[in-house]
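In the two complexes that follow, chain A is the common piece, with chain B as its partner first and chain C second.
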Partner chain A sequence: MSDSNNSELMDLTFKSIIDALPCYIMIQDQDYKILFANQKLKSDFGDDIISLSCYSVLKGSHHQCNVCPVRKTFKDKKVHIIEETIHLSDGTVIEMIAYSAPLFDAVGNVRACIKLLVNVGTIKDTHRELVTLGQSIALLSHDIKNILEGLQGGAYVVEEGIKDADTELSGRGWDIVKKNITEITGITQNILYSAKERKPKMKIISPVEVARQTGQLFAEKASSMGIQLLLQLNPKVPRVSLDPTGISRMLGNLLWNSLQACHTNTEKSKHIVYVRVDYYDYNHFMYEVEDNAYGMDTQIRKNLFKEFFSSKGDSGTGLGLMVVERIIRNHQGKIEVLTKPGKGSLFRIIFRLDNKKLDLN
Partner chain B sequence: MGNELLKIIIVDDNTDYLFTMKTFLSRNGFQVKTAPDGQTGIELIRKERPNLVMLDVMMETTFSGFEVCRQIRNDPDLKNTPIIGITGMEDELGLKFDKYDDAEYFSPDVFFDKPVDKDALLQKIKDLIL
Partner chain C sequence: MVNQLKYQNILFCTDYSKDAEVAFVHAFDQASKYEAKLHIMNVILSVNPCGIKIFNKTLSKAESKIESDKIDERHSMQELGALKKVYNERCKDIIDHEFIVKVGSPDIEIITYSEDNDIDMIILGTAGRPETKRRTYVRTAANVSKYANCQVITIGSPKQ
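Let's look at the complex of A and B:
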């Protein structure tokens, strides 16, 4: 094979390699014009990007980027690496690591720059999840410390009541112990529920019956906290396909949040929590959990379902609401929150009456 | 001056904690009053002039523990009142109280982490008051 044939073959081989790489590769001149683009870049941004400016193609911008590794490379003839975001034509924003390296001419001037961009979106998402996980472990740790304080304090009061034969004191201490047992049970169940993506186990059940059973579980707790718990259940709501464990967990978390809000709302002497099941419209039914506790301001309402956000200050992680949101999503339902500071809050969860097409098993 | 004359005010938005801690401190010879939020707390502290204040740092109420502490330290009649801060957040979230401006104005004398070691708390109260 002649030398020119070998050269052509090598060119083809290198081009194949460059086109096969799972990243964007381009060569730019000093005016940021694209002189060469690999196949992946052309596939995502079009074949006609040669001679267009890098920033117009990757950022949809008419202006040079404030921070540009290519500009730095032309200036100091060195490799530069930065994080940057690019915009696909469908509006997707991708986080990239951009490398810029000089291409020298025969006399050592930078003739052009080769720029390589690698998608690090998945890595960044994982990093963010790990940061969130770290924060949430910290918040959970704080929650558990509060519960331990409640159990120790409650047990102390029980003992003192027994010593003094003061049944009222012992009873008060025991109520505190029981309340904290409920708290730690709820946290544990929510942690287990959210530990991995759990597929709902759908069954044809009565939504009214699930609400009744969940309400009965909390009746004694509500009574011991001096809160009236009222169930308003429309028996005409038909049986539908739901995950009974998930729905019970969802209602339990919302109920417990309401009971706690009422319990700490010392400004009012009488608290009522409602649990309702009724038709929402012709095609949907709804669950409602309503209280007359603090209510929420706009800022709290906006952040309500952010992972581990809690409006409960010292006393909650928001894990419960995160689990609620996930269960609703799994059932392709919707949640509405109506709230007014000083008045109370209402959580309304809307599900389709006919979700037989919801095959999640 | 005997213990029974010493007055402690506890400010915390956890009403169960207020009850159990009040029970504990009362039975150890202190006169105890409680407040479930920062606003009520600072009003009670100004009225009662306690010998010591126990203060939850991270309350969800209008006045946080930081604000109560700051108001105490800024009040000429109250600024020398010993304050015990109760928290469960400092280590986990890396809160460093001295990063705040005028940290001297809202720095408790000592912090206790929940669950509170009651024996150590009693000893610290005695160290601060007696």
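Let's look at the complex of A and C:
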């Protein structure tokens, strides 16, 4: 076999290897134009990406990225590594690690850059889940121990009441038992959501009906806490595709937070918690849970959705809002918060009415 | 004794409704009286409030991933033109005024802007547009009144 045949074979072999690699490989010039793309990149972004700019293909943007490893490589001739978020044409967003390395010409100038992108989304998700799981176990062991002690205390009071034929004392003990059962039920349900990524089981349901049922679950509790629970539901909001269990949990967590905030707020004599369902605009609807408790200061507001952050001290695990945030993310929704110290808080969750992919055409 | 009130920044929010028109008269009066800067603001809703990526079929594949931000930016520029057209002439007697268009939920955007720009007073219409022309069902006036950190005046137009 001749040298030229050998060389061609080698070229073909290299190309096959590069095409078969489960990552994106491209070569870019100084204007960020793609000179070469491997098959994986072409199959995800189209065969016509050669000579297009990297940022238009990977980000759908008309502007250069603020942080660009290729720019750095052209500047200092070194290898650079950064994390990038890439938008696939079907709307999926993936987290990737991007490596850029220089390709030199004969006199040592950077002629082009080779960029390699590896999907690290799955690894990061697993990492996050493991961290969450570890934190969950450590923190919840402490909380569950407290609740069990509360249950034992309640049971003791009930027993004393029975022993003395004191129904009032038994009633008080039973209230303690019920309160702790509620706490442990809530925590257990939140663990189920936070301990692992749970795929929503979507069904065509009425968002109003979910809110009504969740409100009914909390009506007695609100009444026993001396809080007025008002449901303001627009029956015209149509049925949509939602995970009823998730939405009920989300509303339940927000509602329970509001009820607890009102219960511990001694500054006001009358407390009201609203649950609303209404249109947000023509294409979206919203849930709102609003209370007139003590509201939140800037610090609490900033940390609201951080894992295991709680403003309730020993009586909160911080799991509730974390679960709320996760359910909203799973539904591709958005949460907004209005709050003012001394006035109260409003949590608004916006969802699309049609869960199909948004298309402007 | 009540301290003399001094307003330096007044925010007027409009959705071009009847109530907003009445509110503008008050905002104009207050800005003139206190020689305050009048911030004239309209909040438009995002085409994509949940931030889902938008896919547009008419464009080529490489160009297809149009971010909703860009569409919002375009709408925002158009709206700024409309806002100036309606209020520029009427504000010529107020030396210091500014037009602002924000994209998002009106109550959140109004409150955030008021906090970021040291607004002393917010003036807005109570009811907004009639049901059929309504763009959002967010209770803007009620929420701004409750959650803003400055004085808020909501004004309804007198009954016909």
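One rule holds for everything that comes next: the second predicted complex is superposed on the first by the 187 of 361 C-alpha atoms of A that agree within 3 Å, B and C clash if a C-alpha of one lies under 4 Å from a C-alpha of the other, contacts with A are read in each partner's own complex, and residues count from 1 in each chain.
Please note the rule applied: a contact is a pair of C-beta atoms (placed from the backbone, for glycine too) under 8 Å apart; a residue touches a chain by one contact, two chains touch by 3 or more.
Small disclaimer: the values here were computed from a predicted structure and weren't measured.
By the touch criterion defined above, A:G46 reaches chain C but does not reach chain B. Legend: residue contacts after superposition of the two complexes on their common chain; A:R239 is shown touching neither chain B nor chain C. Legend: residue contacts after superposition of the two complexes on their common chain; A:K201 is shown touching neither chain B nor chain C.
Once the two complexes are overlaid on the shared chain, A:V57 sits against chain C while remaining clear of chain B. Of the two partner chains placed by the overlay, only chain C lies in contact with A:R352; chain B stays clear of it.
In the superposition on chain A, A:R172 makes contact with chain B only, while chain C stays out of contact range. Touch criterion met: A:V157 reaches chain B, while chain C stays clear of it. Number of chain A residues touched is higher for C, counting chain B against chain C.
Contacts of A:R329 after superposition on the shared chain: neither chain B nor chain C is touched.
The touching residues of chain A, when paired with chain C in their complex, are 45-46, 48-49, 52, 56-57, 59-62, 87, 89-91, 93, 234, 278-281, 284, 286, 332-334, 336, 338-340, 343-344, 346, 348, 350-352, 357-361. Partner chain B is touched in their complex by these residues of chain A: 135, 137-139, 141-142, 145-146, 148-154, 156-157, 160, 169, 172-173, 176, 179-180, 263-264, 266, 311-315. In the complex of the two chains, the chain B residues touching chain A come out as 12-17, 19-21, 23-24, 27, 36-37, 56, 58-61, 88-89, 92-93, 113-116, 118.
On the chain C side of its complex with chain A, the touching residues are 45, 47-58, 60-68, 70-71, 105, 107-108, 111, 135-138, 143, 146-149.
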